[in-house]
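Two complexes follow with chain A in common, the first pairing it with chain B and the second with chain C.
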Partner chain A sequence: MIKTADVVIIGGGISGCAIAYNLLKKGVKDVVVIEKAYLASGATGRCGAGIRQQWGTEMNCRISKLSSDFFENANEELDYDGDIEFKQGGYLIVSSTEKEHEQFKKNVTLQNSLGIQSKLLNLDEAREIVPFLNTEGLISATFHQKDGHLNPFHTTQAFANAAKRLGAHIYTYTEVMDIIVEGGRIVGVKTNKGDISTNIVVNAAGGYSQLIGNMVGLELPVFSERHQILVTEPVEPVLGPMVMSFSLNLYCQQVPHGSIIMGRGDEGEPRDLRITSGWHFLEEMTKTITKVLPPLKDVRLLRQWAGLYNMTPDRQPIYGPVDEVEGFYLAIGYSGHGFMFGPATGLLMAESILGEETTLPIDMLHLNRFKKGELIFEPSVV
Partner chain B sequence: MRIEEHPIVGFQRGKSLQFKFNGQPLNGYEGETIAAALHAAGIKVLSHSHEKHRPRGFYCAIGNCSSCLMVVNGEPNVRICVEMLQEGMEISTQIGKGDILR
Partner chain C sequence: MDDNAIVCRCSDLTVKDVRNLIAKGFTTFDELKRISRIGMGPCQGRTCAQLVLRELSIATGKQISELKPGTYRPPVKGIKLGAICECSTGGEVHD
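Entry: the complex of A and B
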């Protein structure tokens, strides 16, 4: 393990690997990524792996557009010898309440104003996209063809490989035990495999970001929440887009291999770090999805798992430095959308760390927005 | 081929059942799985691998291995090694991963 680094990034998910890649690309020399298990072992590898540009705030729209544009050329940009499996089958988001339908109208207007070609559909138009959609109880839908999904393991590996070629030091199965602060300034990181002197630490620890924040004496306005998900046996391609509903609380997509992945949140979920699976989810998920997409009743389940959403009060990420500790940066609190924001996170955080002008105005996503009461609330989240 | 006599195990055959495999009329017995009836009828190729389309035969026989997935009465991905034979079943070799929209 190296003894001194310019930047130490905590967390080997999409965020950590993308930040490392961007820092190295910009010429930073010694960049370290510390991951307590294997790459993408946390929320990245456990997520539903979708990317949508259909958001309800300008900031989320712009972050995801930046990321989506990157994903379109990521195999080449990262010179990856595999395939990140980016499939742009669109997101079909359905509404089931009048309030939601009204929100959709606002969302589409906002998205269109930002160059995102989403459209509001009536139910007949929605059925042209997914013919077996059961529209009973639904009101409308929105669709954007450039949304889609990709493989989170390949994508993280693609960033990690590219970063390594540029000289990144990636330490897996290595756990950060403490962060050393002297005189309000970061001076080093203690791990279970040795210590590293550094003046810059990036907290990209996903569901575990609070624990890392505590190491420098911060109580961050985030909490983690278990979200469950399941995968079926592979079947012939039937589902073009990701089908999603905020009010029905579900998302469902078919990966290129043929398996169907679906998930939902549970309102009664306690705020802790459990990632166990439960039968309650299985029952609710299968009941809900077979109502909306009836042919799925004949598909067998393979397995289920869970991961952590790192939630913020306004469901938007926290990016950038903190006022309290010099050299401590945050890339946390994605509230379930850290994977799809990955490429933007990498670029924006690298710019922020290097004191460059950021491609998007991420000072709006600074930690101090909660103190100032300047929240920008995202209405459209599962 | 069927074992008619065995030194230890006795066979109590159920009544004879008619079914179709890829349109071909065949006979089996009540109380046996679809896979057993096909095996007795000399049908050894149950499916094909997805990438190289190599033939796959009777393998785990307990519903785990996916080697025997077939379309039964229109339903894809049926594990015929654990599905009991019934009178008049229409069984066919599955092409690909199973079409759930049929």
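Entry: the complex of A and C
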């Protein structure tokens, strides 16, 4: 293990690997990624890996558009010898309340003004896209063709391989045990395989980010919440787009391989680090999905699993440095949508660490927004 | 085993595929599974897991008993989604 590094990144998920790649691309020399298990073993490898540009705030539309544009050329840009399996089958988001329908109109106007070609659809138009959609109880839908899905393992591996070619030191099965702070400044990290001196540490530890915060004496305003997901056996292509609903609390998408992946949030989830599978989810999920997409009744469940959402009070990520400890950076709190932000996270965090002007403004995502009471209101989250 | 022998029938991987992936640095069952879908098929690895562990054991020099097989995730056998919700609403379960 190397003894000294310019930057140490904690976490080998999409965030950590994308940040490392961007730092190296910008010429930083010794960049270290420390991952306690294997790459994408956290939320990244457990997520739905759906990506959408249909957001309700300008900031989220722009962050997700930047990322999606990157994904379109990522195999080439990252010179990957595999395939990140980007399928742009679109997201069909359905509304089931008047209030939601009104919000959809505003969202589409905003999205169109930012170059995102989403459309508001009536239910007949929605059924042209998904013919077996049961529209009972629904009001309208929005659709954007460029939304879609990626393979999260390959996407993370593609960033990691590109970073390694540029000289990244990636240590898997290595755990950060403590961070050393002297005089309010980061001076190093302690791992179970040795110590590294560094003045910059990036917390990209996903569901464990609060524990990393504690290592520098910070109580970060985040908590982790289990979210479950299931996958069916592979079947013939039947579902082009992701079908999603905020009010019905569901998302469902067929991946190129043929399997159908679906998930929903559970109100009563405990706020801890548990990631075991539960029966209650299975019941609620199958009930909801077979109502909206009835033919799925006959598809067989293959596996269910779970991962952690790292939640913030306004369900928006925290990006950038902290005021309390010099050299400590955060890329955490994605609240369930951090995979699709990956490329932007990498670029914006690298710019922030190097003191460059960021491609998109990220000041409003700073940790101190919670102290100042400047929370962000995003209407479109599951 | 012959290079072209199939290791994982569900996800269509040969001995050669597995050896190539191990050579690329995917040296645990969990990592192989996630990068290649080996062991993720309808049989959930019941057919191939032992063969994969054997290859890993040869490549890493570790005993099979020291190697971690992947997590066995519920359910044990594929069930129709419709059967799950019928069951939860008190209906009859049939396959």
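One rule holds for everything that comes next: the second predicted complex is superposed on the first by the 382 of 382 C-alpha atoms of A that agree within 3 Å, B and C clash if a C-alpha of one lies under 4 Å from a C-alpha of the other, contacts with A are read in each partner's own complex, and residues count from 1 in each chain.
Simple rule for what comes next: a contact is a pair of C-beta atoms (placed from the backbone, for glycine too) under 8 Å apart; a residue touches a chain by one contact, two chains touch by 3 or more.
The model shown is predicted, which means the values in this text are computed figures rather than measured ones.
Of the two partner chains placed by superposition, A:E128 touches none, neither chain B nor chain C.
In the superposition on chain A, contact is made by A:K287 with chain C only, not with chain B. In the superposed model, more residues of chain A are touched by C than by the other of chain B and chain C.
By the touch criterion defined above, A:E102 lies against neither chain B nor chain C after alignment on the C-alpha atoms of chain A.
In the superposition on chain A, no contact is made by A:E374 with either chain B or chain C. In the superposition on chain A, contact of A:D178 is made with neither chain B nor chain C. Of the two partner chains placed by the overlay, neither chain B nor chain C lies in contact with A:D272. Legend: residue contacts after superposition of the two complexes on their common chain; A:D323 is shown touching neither chain B nor chain C. In the superposition on chain A, A:E233 makes contact with both chain B and chain C.
Look at A:R300: by the touch rule set out above, it reaches both chain B and chain C.
Common to the chain B-facing and chain C-facing surfaces of chain A are residues 233, 296, 298-300. Interface of chain B with chain A (complex): residues 66, 75-77, 96-101. Within the complex formed with chain A, the chain C residues making contact are 28, 30-31, 34-35, 37, 40, 42, 44, 71, 73-75, 78-82, 84-85, 88-89.
Residues 132, 233-236, 238, 258, 295-296, 298-300 of chain A are the ones that touch chain B when the two sit in their complex. Residue ranges on chain A touching chain C, taken from their complex, read 37-41, 45, 82, 153-154, 157, 232-233, 257, 277, 282-283, 286-287, 289-290, 296-305.
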